[in-house]
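Multiple structures follow.
The same subunit A turns up in both complexes below, where it pairs with subunit B and then with subunit C.
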Partner chain A sequence: MAARPDRRAVIAGLAALAAMPSFAAGNSARVVVVGGGYGGATAARFIKRLAPEVKVTLVEPNRTFTSCPLSNLVIVAARDLAAQRFGYQALAREGIDIVHDRATDVDAAARTVALAGGSTLRYDRLILSPGIDIDWSALEGYGSAAAEAMPHAWKAGEQTLLLRRQLEAMEDGGLVVISVPRAPFRCPPGPYERASLIAHYLRNRKPRAKLLVLDAKDDFSKQPLFQAEWAARYGGVLEWRGASDGGRVSRVDAGAMTLETDFERIRADVANVIPPQKAGEIAARAGVADSTGWCPVNAVAFESSLQPGIHVIGDATIAAPMPKSAFTANMQAKVCAVQVARLLRGMSPEPTVLVNTCYSYLDPDEAISISGVYSNEGGVLADVPGAGGVSPAAPNPRSRTSEAAEAFDWFRAITRETFG
Partner chain B sequence: MNTIRIAAPRTAKRGEIIELRALIRHPMESGFRRGASGEVIARDIIVAFECLYDGEPVFRAKFFPAVAANPFLTFHTVATESGRLEFRWTDQHGAVFSDAADLTVET
Partner chain C sequence: MIAAARKVCLMTAAAVLIAFGWTEKQAESGVLESPELGKAATMAAACGGCHGKGGDAIVGLDTRSADEIQSLLMAYKADAAGSSVMHRISRGYSEAQIRMIAAYLAAREGR
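Moving on to the complex of A and B:
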């Protein structure tokens, strides 16, 4: 196993803040955080923890958060959706003002956020953590109605359960198709973890069924590991077809349950269409998304390159080489919280080190991982050479199962830090 | 393995302009790249493509080292008679890879 990310540098960055001068009495700054996922909830908590005098408001329409990490296990009935759900009570107890409403607009000049309920919030610093929205215009034939027949299950919740029910209802001998979009999208290894778990499910429950993965790319996260494991475990069940092999889906027909590539029209019994995505809609309204649909940032404080005073974290950002993952969102949230607290105290932001690990299940008891370590010197995220890595190709017999246990522990740790 | 994928209509009306698509999986190694230990990776490319309609060439292309891996062509022809569409790729060593599709022309 390659070196695990070292979190000491990050913790040192947090500790440095403790030495900072606190606000003068009566100078209570306001921070509004939009989006209560791994990014936003973490950012709200850490700002409150680092600078208790700041008035922190978290805007999130849902009363319960449903986690995407581990939701692929829910699809194959290896986990309950209830275990994916978290509330905001702990944040409220810490003095964070939770507003269950939808942010509809941002006035960057006036520094206000408009809510669907009609009220307006003023801010000194705004942190947007809106996650992703499905780009419904990007795939011909696919829309919110089509998603009821061909679920994306790329936002955890009802869609996750719908795909699960479809798999359970499918007759043995059926064809499951997963369509994967071009990068960037949420959770780069997610489609391949899902393919692994569905192949495992089919092999055990519907041994004559097949899984076809149609991919708009030729390369993907942890590809050599996944492909070696697929060959060893799921040969005859799982076929992956890349872009240069006619794998790109250009059109779907939800009525006929067909997916079209440049060369074929394929009829699926269960079709999981993972569609192209973009930053959550408020990003465009706030003027922080560019023509790609994603948000460019200066990665020292994750302040928007387009709108000063607005910070963007998590899946919505253009942060390559950091992936769009829960770990990344949580990491960026902590860095952003430190820098926002510094800025509010008249100090300039300082470069830090960031880390990410993504675990992927190969079956419900075995997993692999990829880790990265990143610097944000000069506002640009870059891999720290020689740090990070992926699971070994030829592991000792227990390493895959111990990584699955690690993945579970990671989930417990990150959800406790974010919501618990 | 040089997997070939082709897309052609099964039927067309006489005089109709039909779209044909052809892809071959091939590394198109340019001969300009070097491997991890600095050695030149030998050139290995497809040099020619043609589409024959009932034995008559209706589309030809020459490929050079700048063409990317897995070349994908889309082109058009006019449906005249029922017949066979043959897609042929030739690499620099003279090896030929081909596939075919039958077209029925309705009057």
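Moving on to the complex of A and C:
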């Protein structure tokens, strides 16, 4: 068969290199990773496994990570928040130094990271995986105090539980409003999965209540699929209003529980304001974020286009057409880990093929998906033509339930690879 | 340095592959020495996002031979009417790339 020579060639290549002397990186090679989510924790792990001689330090303020994927199920009481939480014990056992502190500054010339606790870490290569921060200046009336009345629930944890409690406490007949920002933001299909699950919750628990989605865009991820499913399942419960129909929210008043568009002021009983976002704060401090608030990279090794020696992965990057997803962060982390380990040995990074898949729940038992395959030749991410796409519009009867089961298995696999 | 070189010499090809990634073992890695293996490793890294030990709906890759993985991926790629996640992804790879991924995944598991 055609397979045999190639596989043999790979194995033979391996055997040959196994016979070569090992050019280990210097004993003092140091990699610092900032951010312990799907990107940072994965990158730290893979560098340590690939190049055990490298001293790998992971800087993360929280002792447990709370996953955003599947947290929309927590909001509608279909899942416990405890199932979203993961610790760093496995990483520590593998020889990674876990520093529970906040990175406050980066000196790219001196190659040091300053920590809130007062210490400084030196690095040969720095990997920033800071995720998102809310851009508190971008929506009039919205700030950290307003978020206690109008939760964003776009970083999983207390905000997730707050939105859940508000939905549970709302009287039947109430109005729930979700406000969606312009792209780019974390998890492009996330607002629409959330809308689906909340509509399902309302239909079953509060049948006289309504859900209004106010969107700053006219197009969104998996839009034809979501809209067809909404019409079939949640007609009369869920209304989506795009930017052209006055959907863009320009101001909120948390005291009055109102959201203003160009045309009207809407009073909500529960308001989930998903605000505009930017790369996590340390990206700007390190000088790797541009005027958009996000981080341009050369996507072969995910090295910053603005600061050599600093790599950026995950939600913080400008990586379109790859979306800001957990799958993307984990994928970029593994590619970045190989290339950083190669760079530390004086070798050049090599381009490859990357993948993303995102599942979105339509209700707690049914889901749809989107996949993409990407080349990073020349440092630029591009769709591989003819690949990727979304779930079928008219599926066989079991396809939505089997994709929900896949989503659950995906979560188990990726959290095990990242934290387990 | 000499001890490290001898240690690498003693490792089999498969054992070098085990060193990369998704098994629990820690060891030195040949992935960093060869551009071809580096490419196979980074392409195969896409699989670990979903395929761990396997679950109810997603198969594990730890029991499959290279021929099996290659045949499955080629069948997905060839099935123009298929609409599953694996159909959509497999269309993004050439036959040569699929061969590299399959060989890498199978060898990684130590067979």
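Heads up, the rule we're going with is that the second predicted complex is superposed on the first by the 393 of 420 C-alpha atoms of A that agree within 3 Å, B and C clash if a C-alpha of one lies under 4 Å from a C-alpha of the other, contacts with A are read in each partner's own complex, and residues count from 1 in each chain.
We adopt the following convention: a residue touches a chain if its C-beta (ideal position, glycine included) is under 8 Å from a C-beta of that chain, and two chains touch if they have at least 3 such contacts.
These numbers were taken from a predicted model, which means no experiment stands behind them.
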Touching partner for A:Phe263 - first (subunit B), second (subunit C), both, neither: first
Touched partner set for A:Ala147, first subunit B, second subunit C, both or neither: neither
Partner touching more residues of subunit A, whether subunit B or subunit C: C
Touched partner set for A:Phe408, first subunit B, second subunit C, both or neither: second
First (subunit B), second (subunit C), both or neither touched by A:Asp245: first
Touching partner for A:Cys295 - first (subunit B), second (subunit C), both, neither: neither
Partner chain in contact with A:Ala195 - subunit B first, subunit C second, else both or neither: neither
Doubly contacted subunit A residues - partners subunit C and subunit B: none
Partner subunit A, residues of subunit C touching it in the complex: 1, 4-5, 7-9, 11-14, 16-17, 19-22, 26-43, 45-46, 48-58, 66-67, 70, 83, 85, 88-93, 95-97, 99-100, 102-104, 106-107
Of all residues in subunit B, those that touch subunit A in their complex: 3, 5-7, 21, 23, 25, 69-70, 72
Subunit C contact footprint on subunit A (complex, rising order): 1-3, 6-7, 10-15, 17-24, 46, 48-52, 94-95, 327, 330-331, 334-335, 338-339, 341-342, 345, 347, 350, 352-355, 357, 369, 371, 373, 384, 386-389, 391-392, 395, 399, 402-403, 405-406, 408-410, 412-414, 416-417
Residue ranges of subunit A in contact with subunit B within the complex: 244-246, 262-264
